[in-house]
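Below, subunit A partners subunit B and then partners subunit C, in two separate complexes.
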Partner chain A sequence: MKRSLPVALLVLAAAALAVLPKFVESTYVLHMMILIFINVIVGSSWNILGGYTGQYSVGHAAYFGVGAYTTMILMQFKHVAPWWGVWAGTGVAVITALVIGSICFRLRGPYFVLASIAVAEIFRVCALNLKDLTNGAEGILVTDIPPLMIGKTQITDWVSKVPFYYTGLSFMVLIIAVSALVRRSKLGYYFQAIREDQDAAHSLGINPTIYKNTALVISAVFTSLAGSLYGVYVGFIDPSTVLALDLSVQIVMICIIGGIGTISGPVVGAALLVPLSEALRSNAITDALIKAGLVNAESKVGGFLKENLAHAHVLIYGILVVVVILFMPEGVLGFFRKFSALAPRQRGEGGRRPGEGR
Partner chain B sequence: MQALISGILIGGVYALIGVGLTIIFGVMRVINFAHGELLMLGMYATYYLFTLAHVDPFLSIVVTMPLMFLFGALLQKTVINRVLNALPQNQILLTIGLGLIMSNTIMLAFTSDYKILSTTYSSSSVTVGGISISLPLVISFAITAAITMALYWFLLKTDTGQAIRATAQDREAARLMGINVKWMSILAFGLGSALAATAGALISPTYYIFPQVGSVFTLKAFVITVLGGMGSVIGATLGGVLIGVAESVGGVYFGAGWKEVVVFVLFLLVLLFKPSGLLGKSRT
Partner chain C sequence: MTAESRPSSGASRHLLPASGAKALLQIRHVSKFFGGLAANSDVSFDVNEAEIVGLIGPNGAGKTTLFNCIVGYYPPSKGEVIFDGRRMNGLQPDKICKLGMARTWQKVRPLTNLSVLDNVVVGALRRTNSVQEARAHAHEQLRVVGLDAKASLLAGALPIGERKKLEVARVLATRPKMLLLDEVMGGLNPAESEEIIQLILDIRKKGITQMVIEHDMKAIMRMSDRIVVLSSGEKLAEGAPKEIVENPQVVEAYLGAEE
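Here is the complex of A and B:
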């Protein structure tokens, strides 16, 4: 009973998301949802490595970028349709992950973090300099996406946002399912054993190198899927968007803010961060403040907000991260869970709630 | 040869950045990911002192150094102190967050335009034995050498300096010896940020100044400290010069675009084969 309830809720949520485009026509809402999907995918896949296995990679932009670049290069220069290119992208990401893993997993703790950053930066500089392959700093712009055909019937021409919406949704459902499966399986317990104490896990016969690499490969595959989807959806990639250190940091933040090591953490994190940064970017918050009569549009403060709040979303990210780490180290979810546990309503003794990370 | 000399000169400034980071790490075991941003604050302070008050960039360190010392000390006391016993990963993310706050506050205040600080001698150079060297680079190297010397004297000869080194060696033992460890941490972070800001001031006549400039230097600072051995001041000095030379010579041989790759590959190699650094003790 306890376990079937959240599953039922999840199915319901997925069904609601599946029919959403039938009722919502606003492209803006769809755009926002697609961005949330992409962020949930990268967050959840980082979570398998960072949350379950405890390897804080701050270089996940490497896999995102490798996926995006493979798909885009194949599509733009070799005329391979993206739905084939995406899988080529995951293949390249797996190879990348194995190479990076074999180097970085010899290191632990802060040294691993530093190595992962260094590797991602090497990828960025390479993408900048290998101009024949990647167009360098100019980036790759998609001119047109071939329509998806099965036999003679055209499934979609990729003109509207709806097909991207469904692609994103299905990838997201897939990664959440994989997360849940991994968590419940033997593999997941191996991962968590390595996170809690690598040496103890090793002495119990768990080969840390193999399982850390397994976690990284799973993580890299989905991160590259998200990267490919992002590239094809936005239609433009360059090293400073898909291979940037900022992106790696943002991926980690999604999990930190939502709650590390939980299935719902990245979902909550993405659902909080994406609308927030979009609202700031589009000046929706300033407009709301003005409408509410809190700030006068003509006054100096109003002008300042209007001018600058659009650029402030990274600043807000920074403040959020500091606040979350200082005051709610288990993420927003963990914070509210603790909050509700403090309420006088006493729970049963062995009530270790499902989804509790550590 | 030209590349070698200018590499050594810029390496002196890198050493300053690395030493700051290594002191912070040594005393508190916190890896400061906001180090480059502290340097960036130093650059901006220098820039505005120069444009608004016409203070020479090399003289302005008299102002920026104590200012950033106080800023760093305050940061340590109010924020970083709270996570001293947290997971290292959380410490890293906290300092990343702090760095984001700094760079974006500066961006909001002064826009993200590239600024250039041009003094009368910015583009002048001196020629020694047929090799021409940029004059600002020579001056900054001289100042760096003086500061490094003063720092060594402070750490080796004064009581406070010895207390800092004792805290770095063993926090608990230092506490038992009656050293105020909390105060040492504040001092160390202040010192680290002052050194970073000084480095920022020294390179401001030769670099573009923009809010995101910090992240480049944060990464470089890690490479330097890991290369020299985390927590080793002499190692960081050496590492700085080494990275300066590697970058400069690498830039000549592989082209300017690839010089960063040279540095990072060097970094990975050190991490893999001698993770304790060139002069570091074994990791704990």
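Here is the complex of A and C:
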């Protein structure tokens, strides 16, 4: 019974998302949803390695970029359709993960974090300089995506956002299902045992190297799927977008803000962060403040906000992370869970609020 | 040098309480050096099946180092560890656990953010791939140590006495042939120690061999079939508890020489 409720909610949410494009015509809403899906996928993938297994990789942009570059190079230069290229991307990501894993997993804790950053930077610098393969800093621009045909019928020509929406949705449902399955399986127990105490886990018959690499491979496969989807959807990639340190940090932040080690944490994190960064970037917040009459557009403050708020999204991100770490160490989700668990108990214990009866 | 102090497998065989017992663990001339420091030098003895062997010695005698060499936490610098007829030098701890030897830690290492049950499930998954089966087996082991009522608590919330029991339940769940218990009674009150002694004797009834490091002399004398004394990394004596308390060298190591 306990399990059936969240599952029912999940199915309901998936169904609602599945029919959404039938009712919403706004391409902006669909665009936002696709970005949220991509962020949920990368967040959930990172969560399997960082949240379950406790290996805080701050280099996940490497897998995102490797996926994106493989798919895009195959499509643009070799004329391989992206729905094949995506799987080639996951293959390259698996190889990348095993190479990175075999090097970085010799290190623990903060040293692993530093190594993961360094390796991701190596990939960025390579992509920047291997101009024959990647076009270097110019990036790869998609000129046209071949229409998806089954037999003689055309399924989609990829002109509207709807096919991308469904691709993103299905990848997202897949990674959430995989997260849930892993969590309940032997793998999940072993991942968490390694997170809690690697030496104790080792002495209980768990080979940490094998299981850490397993977690990394699962994580890398889905991160590369998200990267490929991003590349084909946006139609342009370059090293400073798909292989950037910013991206690696953002992937971690989705989980920190939502709640590390939980299935719904990355979903909550992405659903909060994507609209927030979009609102900051598009100056929507300043406009709203002006509209509400809180800030005069002509005043110094209004001018300052208009000028600078759009560039301040990284700053605001940073402040948000500090606030979350200080006041909600288990993420937004953990905070509300604790809050709802505490409230009835406090009422039960005499029902007296502090300060009352003095 | 007395006969007891000489590392000789033949000598220890003569001390067997039951006839026909087989040596499950053979430690052959094991030495461990950290730089120039010999934490263990040329230690040899056997542990027979279903036996409880106490490992005692003053602080810094090399007891935990010897444990670590046996379970593969680090390899011995010299010598051999043979378990169940198989040479174990160079094997990783997970392999050694698979072969049927499990250890507890002197400083307990619970998986703090997992429930008490899940801690034991991790051990139980050593022998099965089914989480459901592992949970059933874990509940069984928690009943053995008397922690079943606390199965759903977080392991980090347990007091020290119960953490020690959890460690035992967790290694029992791996279905070992042999347990190495490193000071499972350290920091416990007399009532809790008594429970652990009973637990260790119960485990022996299941046919599981045990090697126990302990500082509580009364407890170790009561539980052990044989005792091995280490001092400054070397084996000082080996024998039945009664022989050990009467051994002048052991008394000297613990209390200092008479002037």
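Before moving on, here are some points about what is shown:
Here, the second predicted complex is superposed on the first by the 343 of 358 C-alpha atoms of A that agree within 3 Å, B and C clash if a C-alpha of one lies under 4 Å from a C-alpha of the other, contacts with A are read in each partner's own complex, and residues count from 1 in each chain.
Simple rule for what comes next: a residue touches a chain if its C-beta (ideal position, glycine included) is under 8 Å from a C-beta of that chain, and two chains touch if they have at least 3 such contacts.
The structure presented is a predicted model; accordingly, all values stated were derived computationally and were not measured.
The superposition on subunit A brings subunit B alongside subunit C with room for both. In the overlay built on the shared chain, the residue A:Ala177 is in contact with neither subunit B nor subunit C.
In the superposition on chain A, A:Val99 makes contact with neither subunit B nor subunit C. Of the two partner chains placed by the overlay, only subunit C lies in contact with A:Gly205; subunit B stays clear of it. By the document's definition of touching, neither partner reaches A:Ala8: not subunit B, not subunit C.
With both structures placed on the common chain, the touch criterion links A:Val321 to subunit B but leaves subunit C unconnected. After superposition on the shared chain, subunit A has more residues touched by B, the comparison being subunit B against subunit C. Touch criterion met: A:Tyr190 reaches subunit C, while subunit B stays clear of it.
In the superposed model, A:Ala288 makes contact with neither subunit B nor subunit C. Between subunit B and subunit C, the smallest C-alpha to C-alpha distance in the superposed model amounts to 12 Å. Every residue of subunit B that touches subunit A in the complex is listed here, in rising order: 31, 79, 82-83, 86, 88-90, 92-94, 96-101, 104-105, 107-108, 112, 215, 219, 222-223, 226, 255, 257-258, 260-261, 264-265, 267-268, 271-272, 275. For subunit A in complex with subunit C, the touching residues are 184-186, 189-190, 192-193, 195-197, 199-208. Per the touch definition, subunit A reaches subunit B in the complex via residues 56, 58, 103, 106-107, 109-111, 113-115, 117-119, 121-122, 125-126, 128-129, 245, 249, 252-253, 256, 308, 311-312, 314-315, 317-322, 325-326, 329. Residue ranges on subunit C touching subunit A, taken from their complex, read 71, 73, 92-94, 97-98, 102-103, 105, 109-114, 118, 121-123, 125-126, 129, 131, 134, 170-171, 174.
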